[in-house]
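Shown next, in structure tokens, is the structure this report addresses.
Labels for the chains are A, B, C, D and E, by order of writing; each one numbers its residues from 1.
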Amino acid sequence: MNIDKRLVRKDSLEKLFDILKQNSKTIYAPFSKNGKTSFMDAKSFAGISTGHIQTSESSKDIAFPRAEKILDYSKNKEGMSVKGIDFADIPEVVLWGVRPCDAIGIGELSSIFNWDYKDEIYNNRLSKVTVFGFSCNKSDEYCFCTSVGGNPGNTAGSDILFTRMGEDGDYLAEIITEKGLTVVSLAQNLFEKSETLEREKFLAEVPVRFNHEEIRKKLDKFFESKEWIEESLRCLGCGACAYVCPTCACFDIQDEAHGKKGSRVRCWDSCGFSHFTVHTSGHNPRGVQSARWRQRIMHKFSYMPERLSVYGCTGCGRCSRACPVDMNILEHLISIQEVTV
Amino acid sequence: MAEFEPKIVAFVCNWCTYAGADLTGTSRIKYASNVRIIRFPCTGRIDYMLLLKAFDEGADGIIVSGCHPNDCHYTSGNFHARRRWIMFRSLCDFTGINTERIKFSWVSAAEGAKWAAIVNATVTSIRELGPYTEYKKVAKYPEKEVTHG
Amino acid sequence: MMDNLYMPYLMRIDRITYEAPGVKTFMLKFVNEADQEKFSYKAGQFGEYSVYGVGESTFCIASPPTRKGYIECTFRQTGKVTNALSDCEEGSIIGFRGPYGNVFPIEEWKGKNLLFIAGGIALPPMRCVIWNALDLRDNFKDVTIIYGARTVKDLVYKDELKDWELRKDVKLVTTVDPDGESPDWKGEIGFVPTIVEKIAPSSKGTIAIVCGPPVMIKYTFPVLAKLGFTDESIYTTLENRMKCGFGKCGRCNVGKVYVCKDGPVFTLAQLKELPDEY
Amino acid sequence: MVDLIKRAKELIETSVVKVLIGYEQGTANKTRALFVEKADDADRLIFDSRCVQNLAAYVTKKEVKEKGKMAIAATLPVMRSIIQLASEFQVNDNNLLVLGITPESKLIEFANLVEVETFVHKYEIEIDARNKEMLDKLEKMTQAERWKFWMDELSPCFKCYACRAACPMCYCSRCTVDFNQPQWIPVPSHELGNLEWHIMRAIHLTGRCIDCDACYNACPLSIPINLLTKKMLADAKEHFGAYQPSLKGDHLMSTYKPDDKENFIQ
Amino acid sequence: MSKIGVFVCHCGENISATVDCAKVAETAGNYDGVAFSVDYKYMCSDPGQNLIKSAIKEKGLTGVVVASCSPRMHEPTFRKACAEAGLNPFMCEMANLREHCSWVHEKGEATTEKAIDLVRILVEKVKYNHSLNEIKVPVTKTALVIGGGIAGIQASLDIANTGHKVILIEKDPSIGGHMSQLSETFPTLDCSQCILTPRMVEVAQHPNITLYTYAELESLEGFIGNFKAKIRRKSKSIDEKLCTGCGQCTTKCPVKKIPSEFNEGLGKRTAIYVPFPQAVPNKPVIDRINCTYYIKGKCKVCEIVCPTKAIRFDQEDQIMEVEVGAIVIATGFTVKQPDFFPEYGYGKYPDVITGLQFERLASASGPTLGEIRRPSDDKVPEKIVFLACAGSRDPAKGIPYCSKICCMYIAKHAMLYQHKVHGGKSYVFYMDIRAGGKQYEEFVRRAIEDDGVNYVRGRVSRIYEKNGKLIVNGVDTLLNAMPVEIEADMVVLATAGIANEGAEELAQKLHISYDPYKFFAEAHPKLKPVETNTAGIFLAGACQAPRDIPESVAMASGAAVKVAGLFSQDELTREPIIAVVNRQAPPVYSSCVGCFLCVSACPYQAIEKEEIKNRNGELIKLIAKVNPGLCQGCGTCVAFCRTKSIDIQGYTHEQMYTEVMALLNEY
């Protein structure tokens, strides 16, 4: 599909929001609280955050919730009845205000859930989501989308990408997919045709900091490097980086029982936790934090490209922002690039 | 609609309150049947997590009871318990868990009548408070579809 | 509703066999016959067994695909789920999803000698392939099984060991660790690697399949190498922790390899390519 | 911190310690932990008001402990944590040397933990004004309002356990949440799982938390979970008297007084 | 694979009158894992028990729930029945349908519902029960008695007379304790020495008693039935085997001016000495602090005069280790020195003395041979004032509690004075007269009414010397607080009885608890007055609180019976309801992180530290370990442990969690 470019007046956004609401869409949009910005179920347009560089959490929750039921069971006299989730119950969602580095992450997440077995729970959730990307007009020292193949105005992953043309300006809307077009059709008049649409000059500048292909090649011979131990000594082994990451997909499966009935729940997990890989015997294949930190980097920059043909990193920089001990992935990647193996 | 019958779980120690409740029985003192007793060796053994679990699973009220200070069969289990209760109850209150629904008491093996009175008073007050829907709403997670941020 | 990868088959426990302290074998039958018909698997594959309300646990299918109509699994009580499984009775319903993982290339082994070396609770993953081979006995030349456990009590599949012992076309060597023997023990006494060295099976045209605790494996490989086995002719299985079984949950990776997809069966040559994270 | 750098070099060069834990300049105006194992690395040591991470979280970390005797550049909260850890037998004079940084940013080297304790006891643990105000505000609410407040605050928690990881007192190799027979705390991060996790955490830190705010600072979502431990601290003070970590091991919650006062037990 | 039997009892009509027992049994029969469910008129009857036994055998039950009366009533009955049928008794649980349900609720559906719930929670609990075996602990049938005062003597003799061995240790050179210092005893006024000395001799001669004087407890390890005590035998500097007790050395010793402890400083002794003539053993020790040889390196007069060559200047302290099964602590008390009342002038005025000093003055074996003479000038005092509560019941300066014995001994002192000094005048200042005890009140009345002792209710504010007299300023509160001034020749202070110096350290060595005044704590103030929290350690006499002689003796005999009871068994059998710290295979070993908060929480000091070492013997970690001999199974540690590494058998995490779950959910 060719990308169709339209003008959306700055005061039309709220109208668009209301129209979507009238069409019983659930809208997830960024809101700020405690100095952090997160996606929440937006009841009204007011309060939607626009000034943030990046949300604290990624938007992956929408298709890969932090905790979701995968089945219900109940025991009865006759035996057992088990019910999967009804995909029809999944609401139609508009994901509003997603940055390009999150939007592209959806594709990376999708490769994990579809590289071999197709995860229909994930796919169904995703199929109900329309992504409203918002280009970045500013960036910070953590951003490195351009180093991993993205850019502040990247259309990949978005159904519609909005770029604000100047501070307090109107928006350029790029309608990228059929899904996007369907939404546009609900509010045709808000998407005006215009000749004076420009975007590049309004986009943030994010310098390229490393070459990800080179990193990948280096990592092939980097497994035994002492670098991992030195770089990860201060890592405390929490899951903050994984949980804010748009592409981390490790999960756990847990049962929650209440007498005769209960549910099986899929919930996020992190390769950074020391118990993640531990066997019941007590043996732990990744027994030290350096092995777990290495796993995180290798998985994103070596294993995923090799097995799934995508990189597991969008350069959003969230993990570095979230890390309580300043484990900065960009810094480490640059140092890997600089080290001679 | 039938009157609301609160579910009340009692966590009691073996040596004082359990025996006290036995005495209530041998004295044939009647009390409300909403309460179910779970026997512990000592109030010192009562894990505060069990109280939360009782609310999780739908209890409307909780009674925790053991030996009076200085009467503990194990000399100090109840003293330890008391210190924990002070802090736990305060934390519950601080997080907004309804502390009126948790009754703490000392009931000795000789206080059969007191046990009946405690149960009846608790049932009455929980009946007035109604079902603990706030907690149940949080706990009934599996009925809910997705958790988002 | 579309396919849900996480939806287990309902299985009825048809028979429970007590194997050793804490070790049981379940014979499982599909509650739903249609499931049974759809279902097929090969030697070496595994599944996720679940007790509803408790959780899932990963272990291999211990019965050979040549036996139809049921699957068997053998497990040791070590954690939450295996404890709950152990509490199940005949007739109880549990969940099973699978089969997952790769297989022993039993077709490729036609015309060769087979040497099975197992230790302790690792006989089950091998039992599937042993029976598979024995059921197609004519395809192979000599079949040797070396099996060891800590004590006589800990040997699993005691009845089948007897069967194999009586069979003329199988050479069975059982061993227990020193001090693990009972007064009437007639088998070998010693650790598995030592016994392998003592028996010294010929490596010529032989495939070795080795399963056991890490220590046993570690000391058996050099013995096999000394006997002339090539890395390509030695097979083993990895038992990494898993949740999903189909390459998503992120637990079982060893380097770029997904044990649940690319394994659990590996040749020693393949293992040597992997980083030491298993 | 010229003194610190000089002393660090000496300690490493003379092999008095194998590793010194201090702060260095991190990225984006952050500071972070530095592990000095070679004398040259000591030049990277810094200390200023941004250095608030509680480094005591590292002294129980397996990978750090295995290096051998440690020295730590310890601010007051870090020293308090160390005393508490020592009272719980996690560190001792044989494996840890404390280079104290006083609230006036002066360096004092302590010969042993007893000296550290004496120093620490000079300063009472005080909840800062802003948080005190917050506690007051919450206490003035009705129980139902507090319930709503905490449900709103805790529901975003996705249980990354950064709070646990950053806390020096959370050194347990198996946390209650990792215990699954029975599963005391639900693993998924739903409302109930979150509530129970945070209540459990606060209770386990009662009488042990020294109010360093590491949990709050670590939280990627800035959930004010430190209010829970602060409340416990304030209450402990009120009920059982001033609280100080102490080498005597008279732990607040594993001891009692026969005349502990309460007003709710019937 | 649980196969649980549920046995619902009607208890005649006690349960069935309000609970539909058949319905309870029927409902329970439908639960997962219940293989057999039945209701019956009387489960505790023989046929009822047989019903259970045969079901266990026929159905192969793995667990039993008896739904009947309180487990406090019949748990032993049903557990025994299960055991007889071959089922581990701890696989049997009881649902209390009678006391907790049928007797307290009206007949109705709700009552039956409750009964069903009570059964269900125990059915679910039993699924997590484990077979437990009673803990057997061997018993070393030797008792250690610490302290050779009247309590220790009595306890030793009583235990020894039951045929068991006793080791009695006394820190002083002789046994006898405070009682040997007393003149006469209330309320009978018989001579203290006369009744005590035969007992002391009996101790020395008893074949079952080994006496070590001049000995103290160094350390103690182990638990009930199996203690290992280290005893320090302080050097006496003589060879006891050779010494005949002839007394040559004490007569010839040139250092003669040492204040005698036995005489409370009112008499003198030599550096090599026997504390008092009736001492047991009657052999001297050298006081090395005062002996010239030890100070200056020469003298050795005693060595020269000793006819048996028994003096050993180079003798060292000996540490000996003994194994004992029980311990009786009878270390007694001491009196608070009254110098904390400077206004009473003790120490400043020689004629202000303590009650214990008065005992020595009144004693026939004392420095004045029983005549009451004042220390300053040996004159017989014509006017004497006794001050009760000199320190007792005085939270501000002394101690808050009542020392209990003073009221009685003051009456005795005043009486003795009146008997010995005819025409003398005696006054007693008191707050209250506490004379509870057989013949005690009569005794005090006798002092007042027959012997004319003047009792003044009020306190003394000041004592000062004027013209060779001690002026006692006080008030008489019965006369409107009228000031009273008495010109006395001598003042006796009834100083408070307090715990021994070092009681705290001894308690720590013994791992027993003590009260805020450092008196040792009994296990239960009412029901276990002679037991301590540590099984196998008992208390006798004034080490637990101030006690008079009859009480001390009674306590000692009580403690002795406890010891004898313990020694009547070859093995101790204990319910296995104890805490256990988990152990796992390497590399984990245990989930315990060794914070040892449980140690401070345990009321029984039952938690020890265990070193976990790897194959090379390197210490990997230090973890908690519960001593099964000491643990009483309260579970306080369990609720404490953050890593859930401690569990208590019979009330495990899984069991209690399951009970809560089963109670509130449908099954």
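The definition used in the following text is that contacts are C-beta pairs under 8 Å (C-beta built on N, C-alpha and C of every residue); 3 or more make two chains touch, one makes a residue touch a chain.
The structure displayed is predicted, hence computed values, not measured ones.
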item	value
Central chain (by mean CA position)	D
Contact-richer chain pair [C-D vs A-C]	A-C
Chain whose mean Cα position lies farthest from subunit C	E
Separation of mean Cα positions, subunit E and subunit D [Å, integer]	42
Centroid spacing, where centroids are CA-atom means, of subunit A and subunit B in whole angstrom	45
Separation of mean Cα positions, subunit D and subunit A [Å, integer]	32
Inter-centroid spacing, subunit E versus subunit B (mean Cα positions, whole Å)	36
Multi-partner residues of subunit D (at least 2 other chains)	156, 158, 176, 181, 183-184, 186, 188-190, 193, 253-255
Residue numbers of subunit E (touch at least two other chains)	588, 601, 640, 653, 657, 661, 664-665
Sequence positions of subunit B contacting 2 or more other chains	48, 53, 57, 70, 76, 80, 84, 141, 147, 149
Subunit D to subunit C touching residues, read off their complex	180-181, 183
Subunit B residues touching subunit E - in the complex, by the definition given at the top	5, 7, 9, 14, 18-19, 21-26, 28-34, 36-42, 44-48, 50, 53-54, 57-59, 70, 72-77, 80-81, 84, 116
Of subunit D, residues touching subunit A in the complex	26-28, 30-35, 53, 57-58, 61-64, 156, 158-162, 164-166, 178, 183, 186-190, 193, 214, 217-224
Contacting residues of subunit C [partner subunit D, same complex]	79-80, 83
Contact set on subunit A toward subunit E in their complex	75, 77, 257-260, 281-283
